[in-house]
Structure formats: structure tokens, C-alpha cells
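When the chains are written out, they are named A, B, C, D, E and F in that same order, and each has its own residue count from 1.
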Amino acid sequence: MMLSLSTWCDVEAYLERSRSILLPIGSMEQHGPTGLIGTDALCPQIIAEAAAAEEDDILVGPTFNVGCAQHHLGFPGSITLRPSTMIAAMQDWCASLRRHGFERIYWLNGHGGNVATISAAFAEVYAERSLSGPDSEIPPLTMRQRNWWELSGVMATCQRLHPTNDGSHATASEVAVTYAAYPEQQRRVPLEPRVAPNGSFTDAEDYRSRFPDGRIGSDPSQATVEGGQEIIDAAAKALRDDYRRFAAGG
Amino acid sequence: MMLSLSTWCDVEAYLERSRSILLPIGSMEQHGPTGLIGTDALCPQIIAEAAAAEEDDILVGPTFNVGCAQHHLGFPGSITLRPSTMIAAMQDWCASLRRHGFERIYWLNGHGGNVATISAAFAEVYAERSLSGPDSEIPPLTMRQRNWWELSGVMATCQRLHPTNDGSHATASEVAVTYAAYPEQQRRVPLEPRVAPNGSFTDAEDYRSRFPDGRIGSDPSQATVEGGQEIIDAAAKALRDDYRRFAAGG
Amino acid sequence: MMLSLSTWCDVEAYLERSRSILLPIGSMEQHGPTGLIGTDALCPQIIAEAAAAEEDDILVGPTFNVGCAQHHLGFPGSITLRPSTMIAAMQDWCASLRRHGFERIYWLNGHGGNVATISAAFAEVYAERSLSGPDSEIPPLTMRQRNWWELSGVMATCQRLHPTNDGSHATASEVAVTYAAYPEQQRRVPLEPRVAPNGSFTDAEDYRSRFPDGRIGSDPSQATVEGGQEIIDAAAKALRDDYRRFAAGG
Amino acid sequence: MMLSLSTWCDVEAYLERSRSILLPIGSMEQHGPTGLIGTDALCPQIIAEAAAAEEDDILVGPTFNVGCAQHHLGFPGSITLRPSTMIAAMQDWCASLRRHGFERIYWLNGHGGNVATISAAFAEVYAERSLSGPDSEIPPLTMRQRNWWELSGVMATCQRLHPTNDGSHATASEVAVTYAAYPEQQRRVPLEPRVAPNGSFTDAEDYRSRFPDGRIGSDPSQATVEGGQEIIDAAAKALRDDYRRFAAGG
Amino acid sequence: MMLSLSTWCDVEAYLERSRSILLPIGSMEQHGPTGLIGTDALCPQIIAEAAAAEEDDILVGPTFNVGCAQHHLGFPGSITLRPSTMIAAMQDWCASLRRHGFERIYWLNGHGGNVATISAAFAEVYAERSLSGPDSEIPPLTMRQRNWWELSGVMATCQRLHPTNDGSHATASEVAVTYAAYPEQQRRVPLEPRVAPNGSFTDAEDYRSRFPDGRIGSDPSQATVEGGQEIIDAAAKALRDDYRRFAAGG
Amino acid sequence: MMLSLSTWCDVEAYLERSRSILLPIGSMEQHGPTGLIGTDALCPQIIAEAAAAEEDDILVGPTFNVGCAQHHLGFPGSITLRPSTMIAAMQDWCASLRRHGFERIYWLNGHGGNVATISAAFAEVYAERSLSGPDSEIPPLTMRQRNWWELSGVMATCQRLHPTNDGSHATASEVAVTYAAYPEQQRRVPLEPRVAPNGSFTDAEDYRSRFPDGRIGSDPSQATVEGGQEIIDAAAKALRDDYRRFAAGG
């Protein structure tokens, strides 16, 4: 059940049977010469939609589609929020949902660079209640963040498909997921070097100087539509299980 | 050309021929018993995609999908940003795009409640440069906001389709646009009263007490897939023209 | 009754009979070679004082005298708040007044460039209560903004006095209002061209390049003390009516 | 020369001969049963206008009329900014003036409760340049705050007029200044006790419990129009001297 | 009793007998060629520890060790908070302590440049409760700031030890206090001139140009370990008395 | 070399040979019935001082002593910053140090709950430069955070000393480190149960309900002064190596 395609009456009925919601969260940032800028927002959205397609009791909210991508700003098209802005926006989303009676929010994340700021936003939200004392009038909220590639069984699938050089940015696996959903967007241009270098980075200028075409450690030319679909299927299944446990208070 | 489905190399090439970008901006809020919560984000996104489908030189960025909806919080599923958060987020988007060399940003808006805050955000962005003086190192930026229903010829189409009671929230026209794009999401439940009351409002509690099912002045039971498609076609055509003039400096 | 010239005991007594207050809000910005920098703050203040002079039950608060004027910073003397600062300041004013039991705030605005940010500030204030839920401890507040030139009958007076080229910035009408209140401040310097150009603008540099002497579309040499007084009289009368209806919950 | 009654051309000409500006800054807060709520904003404004009336090279900007008055919120009509808001607003005023080439800003203060936050705002403004390093592109700014009662000779006048019980809030002297400017606003109600108690305070509730009618240590029944005029004259003269030295770099 | 060396059970027991806490607050900034960068944080910490060593019912919290030092940024090693950041941080400390039932916070300050911002932060904290009305759920808090050199008898000791040229920054007295605590850190380099100039300042560049080695008005070569110990003893004794009165509600 | 015990001249000389600085960062929060509230700030400070004692070219700045501890607010004495405040404060520290020419900042962290917000703060700092474009005037900065227990060889030492039940909050190892530095602060009270439960948590109320005495998974009764000293020695040695590599650009 997609929130954006539901009516408020649908949500009212849903809240009778569940107090949980799933929010895909990603980024809008370069993914090398063959990966799509929307990759990190698309992957959790694709997987969440696949999971919800076969399970009535997953409510999928809007995708938080621009995240922490300051290090990618050396590549045209990347868009970032400053972490402090991202925290403020996530607070507003949480406060809105809490107002309706939602008690558990599951953030399905598609971008490693978001992990820290998502955790910081959780602490910011929890702090409101923690600071207002034991008799706080603010209802409690339980949040989880889960990177889609850490869902049970997904990494194994990715490693089976791309035993080497899946990489850490513009990975073969994430590119495959987007190709499966948008096969007409496949790019088959030569990558030079085929396997991108590894390393760490600081700001956008530093990043671009170390990773000239944007990839880190990956060879996304391995990505196929079929492989992507396998990953989506594995992830959607694992997500249903993980979300169900979360919604049940686990 | 959709930014989220492009590579950074695509955007680099695009910037050689254009310095403009189109950003759909909407809201996630109740639209009555038959309208979808995503309506205000979906409409500009649908129209922008339709326009871009037939025109290479329109780059459509990610949809700013949660906006100013505090007055709808009395209805489950509505999500709001506080205006100050929305301004901060829009600033970050603009700063990111300006960094890449974009000089003109066209915000296609789908929510009346966003209009004021979008304008305030423009002033916030312009103020950075205005305050830093005539020799500012901040490159200039030109922004426009356009409500899709104000595109040339669109209102005429809407009025022809729904000569009475199109309304002002959960309008027959906007509901029709989403039904055209998501025909399986049509809802045909009785509306009581058929035509919703009109009026103004303050906060969420006030809104809900005045407009019990969420609609204002509308009879969205008039919405049809065919009518929605007519509106999309008219809007997409007008958008291409309007955007082209904007991109040309007009 | 002017708040700044009242004692707290006066206000305490006033609150026994009314829960409404009127706040003039304007800007400190250039108004061409013959218009005063304070014009947009002075006009609503002059009109509010005139209205209150003949009506005991209008409490006129302090003038919010610096507003959104980033686009005028190319002209010496203009002062702006960033919209985010203006929202924060208006929030504090509202929170203070709500604390005393005021339930309705009528903002009489004198500056077109403030309209969007005032609306955004309203949404920011309403959002506090909307987000805190149906059992919120925050008392409700009802706000209205009214541009003085939109008060009933005022535009007709302005058009009768200046049938052509009243303009949209440094208008003959607003200049006339300030001349009526400060006749010794009349400026009679030649304007070149007599009627200023029309158009839109972005930031301060852009504004100054398009409107070299600061005026937009206006010929303020038409402004007279007598005409200004007519406008004040018409506006004060209409304001009394409008405010009375507002205070009565209309 | 009053900024609000000047044109931008006047200010442009003024900047040829001076780079300094004077800004009255006060508060909107209760001043006991006989003092006006606007007292702290009115006093510096009255004195500044008197000084400028006899001296061409004093440019008096708009009055910053709402300040730090949280402790007075127990009395109807008091309005406060939070200190963080006040700092942000003062930053914007300073940035606007610096943009025009102003190099020295003289804040004439009328409210003891503002002193700390004004100093904090100065540090906030200076910090921008201090943090941006020795080659900063931000032009330097020099600011001074002066309480009007500390101008040379003023305290002596006040003590001569009210040798005892001038007090520290709702003082006989400040009430006298406002009575001189607004003689029709004199209030002659019995004060009980005639001399208010002294002491310190924390928040609004604490303040009201300690100072039931709002005054601290004062007997404002001593205030007269004639005495007020003497204070204004002494203060205006001292202000001209002090401002002249400041404008000359002293 | 040092908070950082206590367990939560210790604090729970302490709260049974006292609702007050002492927080040293200072700065990290240059103190001339012979003074330590930590001087302003060390002095209140040293004195507070000395006081607490002989009195069970003083709970000394962590030192707020970086304050308002923008004017010292021309000298390597100085670190500043912007005042707005300092206010936010102090708010969080206060909110945390209030949550535990602390009702009185005594800030022992070591830096003149902090005084204004500490006061502003107090007003910010008090404003939360003042704005939320007479039935506020926020418990009241009482705060005091005390500069250690203003404790009863301390200034007399300083003047006896350094009858001339104690100065106002990098004073002989504060340097002596740190030398007493860290005798191995004594610096005996020639100061040129021996007595530093006096004056005022704005930002870091201005400060450094006026006070080339960082000192203001002082001759810290007078500082001795023995003198420092005398000051510590006098201050610790006075602090115990002052804090005891404060904790008792005085 | 401790910054707080250095003069600005010392730092100026240091900057001739190094552009790096080490900042201990921790928290002020409960550590069970036998652990000290300052544990997480003390550990990195103790280890950093030990490392610097034998290495001239480590400059240790002030300890960032209050961090993200919202979840511990159910236990008296815990103090938290909201993550957004912590980001702002870290930004100011970084901006100050960058102003002096520091190019590399090594944050030695003592609190798992800080990790996310430290990373978010890094992104906030980097974003300033990334958003200002390739010709940014902001000098680059390289930052690293390192948890002291992850320094090479430290975990092995901890596991040798406490092969079971070191735990994850109020660990035997961190308690041992503080006992080694403050042997007089050893607490030997019975823990019930001896080994604390494991699990996750959200806000303060949730935390306290799951972990009644504050510990998670640990048996800190194993902590000894001797063991603590071993850990300090191992960590100090590893820190010297790690910092040296970092300072050398590694």
C-alpha cells in the first residue's frame, strides 16, 4: 500500500490494524558513467514497492529522495542537503506521522552516506521526549534504519552475482537493481579503469580528485537486468519479514 | 530527460546546451475520500514527465514531494514540513544546482499551500547574493514558480470538463490528472455532501472542523481518466512552451 | 488605542472586551527618488492610527518595520530581514501575544514583498499547534493579513486620483499617503523617465539593472497631500469595518 | 535626518560625507500602572530625533522596537523576542547596512534587559569576519551600544530631578521622557506602595510574583513633562557629542 | 563532589539533599606570551574544585570550556563558539539538568567576553517558560552567573598582590591562578612593553592590531605560584559562601 | 602538548612543524552504579594525554566533554546536546582551527552514541566547501574520528583482561581506564544482576525500562586499576602511531 496512492480514509483504516510505516530514503547523486543519479533513492523505493505489492500490511510512505551527498557535488546533477537540514526535515516527517498515531517508522535506506545523519536525526527526535521528562506528553516513537543491502540474504545474492568488484559506490548490485526496474536506461559505455580505485575522501573536490569517474571500487559493467531482478526479489522477501517483525515490536 | 534516470555524464552534456532545470514540487496531504494523498506531488511530476517525453531539452529534477500541509494534519497520512524547514531544504537544493552551473530553476508547483513558502524561499536564496554586495562571488540564479493549473490553456480545459464545482481542494481536475496516470486507483465512493463547502481556515483542528471530509468546494466525482488525460496533454504542451521561454531567458 | 502608548492595565482592561489586536507590518526600502524609505511601514501605521483614533476597540501594536527587501539592497538605505529571520520574529510576537490571551491578530501590511513571508510565518505558527495534535495545550490563534490597498474602496480611490501609472513600486498612492502625513517631506524632483518601466526581478543587482531609479511602473509625481489624505480616510474607514468583522470572528 | 523619511538619493549623498548610522533600540514591555508599554523604544527614539533635529550629520535608522522582555510577559501587552531571534534580526540589519558601505553603527539603547543580547549580537556579527580569516572579504564594522541614561550628564539631570526612588524599572526619568513627548498620555493613578520593591528575578512568573505592579524600585509619580524635557535636552546634546566622536572614529 | 567523577547513584542521593549545581564556564583563547590558552576555563575549574574539596554539598558539573572568543582568533590556538551556538548548547545543558530535578544552576565564569552571552542564554532559557504561560508544564529554573574575580574579597587579594597593572586581559591574577595549579607551566619570557596597552576592540583583526601580543593593560610577569594560591584560597572560600546562599535560595 | 596549557606562541611554533590537532570527544552520562558519569570524556582525554606525554608533535585540544546522551537522561547527572547543537558547536571549533591554519583534525572519541553525529558534523563542515564550488576560498580540512577502543591492539588487550562480559555500555574496560586514572574513585558495590542485559533502545524512558541500572551487557566489577593502566598504555602507543600517520597525510 503506497501512501501517495492512498486516501486518508485508507490510512485511517490501516491505522486500525497497524501503527507502523515504511519510508524509503535515498540520495540524488552521481553513480559513475553508467549508474543513474537517482540510484540510491530508486533502489529502496523499488524494493519497498515490490515488498508491498505482495503484503497488504506494509504502508510505504513517500521517498525521502535527496540526502547527504556533499562529497558528490564535484559531479553534475548531484544534490545534497546539509545534515542539519536533513535532520530538520526528518523531524518534521516524524512529527507529522506521530500526530496521526504512527508509533514505529522503518526507514529503508539506499545510501551509505545517509547512515550517520539518519542516526543523528533519530537521536534528535528521541531527545525531544527524553528532555521533556518522564511525564512527557509526547508519545513514544520507535525507529529503525535498514540499508537494503543488509537485509537477510541480499549480500549473499549480490556476491553470488558479482563475486568480485561489486565495489562500494556505483556498485554492480545497485546499478543492477535500477536496470531491472528501468531496462531502457542501461548504459554500456567502456569504464576506464574497469575496476575503480578504493579509498576514503573528505569533500567534493577531494572526492573527484581520487575517483575521477565517480565510482569507488566497483565494476558496474557486471550489472544485468536479470541479476537486478534476483536482488530485488531477495530483498523484497527479506524486507517483508524484517518489517513484519519490526511492526510486531521486534 | 529525468535527472534521476540520467548519469552525471548526461547532465554534463546537458549543461553544454542548457543552464535550466525543472523541479516538480508538491505535497503529501489528504485530498478527500476519493483523492490520493500524493495528488499535489503527482500532478506536477506527471505533467513534467509528459512534457519532457517530447522535448530533449527539459531536464526534470527530483520531485520535492513533501511541502506545507500543516492544515491537513487532522487527516491521517498528511505530512508537512514547517515553512522554515522547507526554506532550508530548498536553499540546499538551489545551492547544489548552482554549484554545477545551473542558472535558472523552474519550480512546477502542485499545491496552493506551497506558493507562499516557495516565494519566501526564493527571497531567502536571492538574499544571500543581495546581502553579499555588488561584487558577490555567488553566481546569480533566476527562479520561477508556476502552478500547473495556471499554465496557458489549462484552466480553460478544466472549466470545460468541470464547468461547476471544480473546487479549490481535492478538485475534480487534480483528481482527474492522478486518475489518468493511475487508473487503478480510481475511487467511486459517495461524497456527502456531493459538493464540499467553501471557506478559509487556520490550523489542522480548525480545518477539519470546517471541512469534515477534507475537500473544499469541490465535487471530485466528476473526475475521469479521459478528462485527466486531456488536462495532462494541455498542461504538458503549455509547460514545454513556458519552460522553453524561461530557459531562453524570458 | 496604541499599545506603545498604553499601560499594561489598559491592555488588561482591553482584553476584557476584545481578544484581537492589529499589527502594522511594512518594510524599510527605497521608493525611488521622491518616495521615502519608510513608506511601506509608514502607510499601514498611518492608516491604523487613523482608524484607531475614531474607534476605541482597535488596539494597534508596534509596527513590524523591517521586512523582506532583499531586492532593494542595491539602493542605499534599504534594510532587509531574511525570510527565515522574519518568520522567527513573527513567531515570537505571536507567542507573546497568545500568552496574554490574544486570539486574533490582524496584520495590516504595506509591502507586497512581505506577503509570501507573512503567509509562511502564519503556517509556521499554525504548524506548532497542528503538529502537537488534537489535544494540544497551545491555544488556537487566528490571523489575517490585509494589504492596505486591498481594503474595500481604497483601490477605487487610488484609481480615481491616479487613473494611469499608479504603478507597482513607489506608487503615486503610497507616496501620497506619506506626503499627507509628512507634508514637509514632499520631493519634487524630475523623474526620468516620468513613468518607470515594468517587469519582474530576482536579486538586488538584477533589480537595480532593470529599474535604475528604483520605481516600477509608477509616476509618483502625481502624489499630492490632498490625495493622500483622501486615501487615508478611505482606508481608515474600511479598516475599521474590516477589523470589526475580524474581531467578531468573521 | 531620519532614514524612514529620507529617499535613497538622500542616503547616497549622506554616505559621501559619513559612514555612520544611529539606530534606536528598545522594547515593548510593561512599565507599571503609569508608564507606557513603549517606553523603552520611545525614549531612545525621542532622544535620537531631538539630537538629529539640530545636526545634519546624524542619520537615524528605524527603531528596533521589540527586544528582550521575557520577564515582563506576566503583564498584558509585553512582547519579546527570544535572544536568538534578536541576534538573527540584528545580524540582518547589520549585513544590510554594511552592504551599503556603512562602517559604524551606533545603537542607542533604551532597555537594560537588551544590553546582554545586543553585546552577544555584536560578537555574532564580528565572528563572521573573525572566523573568515585575515584576508576576509567581509568589510569591517564597528559598533557601539550606549544606554541613553549613561550619556554624559544625563544621570546627573535625572538625580537632580528625582533625588530618591528614580528606581530601576519604570523609572521616574524614563516615564518623564515619554510624558514630555506625549503629555496627553500622563497617568496619575495612585501607586501602592508608592516606591516599588527592589530585587532580582528570573522568568515572567517569578517577576510578577516579586513586583506585583511591574515597577522595580521606582516612584514614577515624580515624573513631569518639564523634567522629561530637561532630560531629553541633556541627552540629545550629549548624544550629538558622543555620536560625533564615534563617527569620527573615536 | 565532581559530577564527572560521580555515579548516577551519587547524583540521585545528592538530589535528595540539594537541587543546585555549579558549572564552571570559560574560554579557550590566547592569554599573551606567558598566559595559558586554557586560562579562562582553568581558573573557575580550579576554584570550583578547591571549594568542593572542602564542602560535600557542592556538585561541580563539567566545565563549559569553549566560549565567546571571536576577538582572539588572530592568535593561534584560540577557539570560539558563535554566541548563537553557545546559547543553544547552554540551553541543552540546562534542559538536561532540569529534567533531573535540578532547580538552581550557578555558573562560575572565568571570561569577561562570556558575560553577555551567558546572560542572553539565561533569557533564552527563561523565555521558554515565560512564553508558555502561567500554567506552564516547564519547571522553573533559577540561574546565576558569577565571575570568579567578583567573589567577595577576591579583588582585594588581587590588588594587594598586584597593586598596579593587573590589567584586563591576561591579568597577573588569572595567570597566577593557573601557575599555582600548573607550576611547571610558568613562562618567564620578557614582555615588550612590560605593561600592555589598554583600549577597546571589535573583531579579531582589529584586536590583534591594537594588542600585538594579546595582553590588555596587564603585566603578568608579576604572577607567582604563591600569589596564585592565595587567590585560589580566597576565591574558594568566598565561593563556598556564595554558593551556599544561592543553594539556600538567596 | 596540551592546548589549554600552551601559549599562543607555542601554538604558532607548533604550526610551523605540524598542521594537525587531536581533539578528545566524549559524553557526560551515567555508566551504571560503579562507573563514573565522565567516563566517556575521561577515557579519550586520559589516553590522549598519555600519548602526548611521550611525543612532542601531538597537540591535544580541549575535550569536547558533553555529547549525544539523550538515551541516558533517565539517570540523574546525564547531560546531552541535541545532535543539531553538537553539529553547530563542532562546526565552530573546526572553523576556528581552520582559521589558524590547521588542516587536519583527529577526533579521539570515547562514546559510541557520538559516532553518528560526529560523522554528520564532518559532512556539515565539508559541505560548506563542497557547496561553494571548485574555486572555493574555504581552505580544505581533513578529519578523522577514531574510537579509542578501535585503536590497533586495544580490543585484544581488553579481551585478554575481560574475556567475557566486557559489555557495550559501562564496559569493564572503560571503567578500568577511569579507575587507573582516578583510583580513589573505585566503586565496589554489588551489581544485580552481575552481568547486565543486552539490547537496543530508543529514548530515555525506553532505555531505563530495559536497563534498570544503566549498564548494557557488562560486568564492570572486573575493572581493576592495573588492567586499566594496561589498556591506557596500549591505547596511547597505538594512538601515537595512528595520529602520526594521520598527521603525515595517511
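Here are a few things to note about the model shown:
The criterion applied here is as follows: contacts are C-beta pairs under 8 Å (C-beta built on N, C-alpha and C of every residue); 3 or more make two chains touch, one makes a residue touch a chain.
Since the structure is predicted, the reported quantities are computational estimates derived from the model, not experimental observations.
Any chain bridging chain C and chain E, meaning touching each of them, is among A, D; the list is complete.
Matched by residue number, over half of the contacts between the chains of A-B recur in the interface of C-D, chosen from C-D, A-F or C-E. Taking the mean of C-alpha positions as each chain's centre, the chain lying farthest from the centre of chain C is F. Chain C maps onto chain D through a rotation of 180 degrees [Cα fit, steps of 5, range 0 to 180].
Taking E-F and B-D together, the pair of chains sharing more C-beta contacts is E-F. Averaging Cα coordinates per chain places chain D and chain F 46 Å apart.
Once the centre of each chain is set as its mean CA position, chain B and chain C turn out to be 29 Å apart. Each of residues 73, 80, 82, 84, 88, 92, 96, 99, 130-131, 137 in chain C touches at least two other chains.
In terms of inter-chain touching, the protein chains here follow a pattern that is not a line, ring, star or complete graph.
Looking at the complex, you find that chain C touches chain B at residues 68, 70-71, 73-74, 80, 82-84, 87-88, 113, 115-124, 126-127, 129-131, 134, 136, 140-143, 202-206.
Considering their complex, residues 130-133, 137 of chain E touch chain C. Of all the residues in chain E, the ones that touch chain A in their complex are 92, 95-96, 99, 137.
The touching residues of chain C, when paired with chain D in their complex, are 2-12, 14-15, 28, 30-38, 41-42, 61-63, 65-66, 69, 73, 75-82, 84-85, 88-89, 91-93, 96-97, 99-101, 182, 185, 187, 214.
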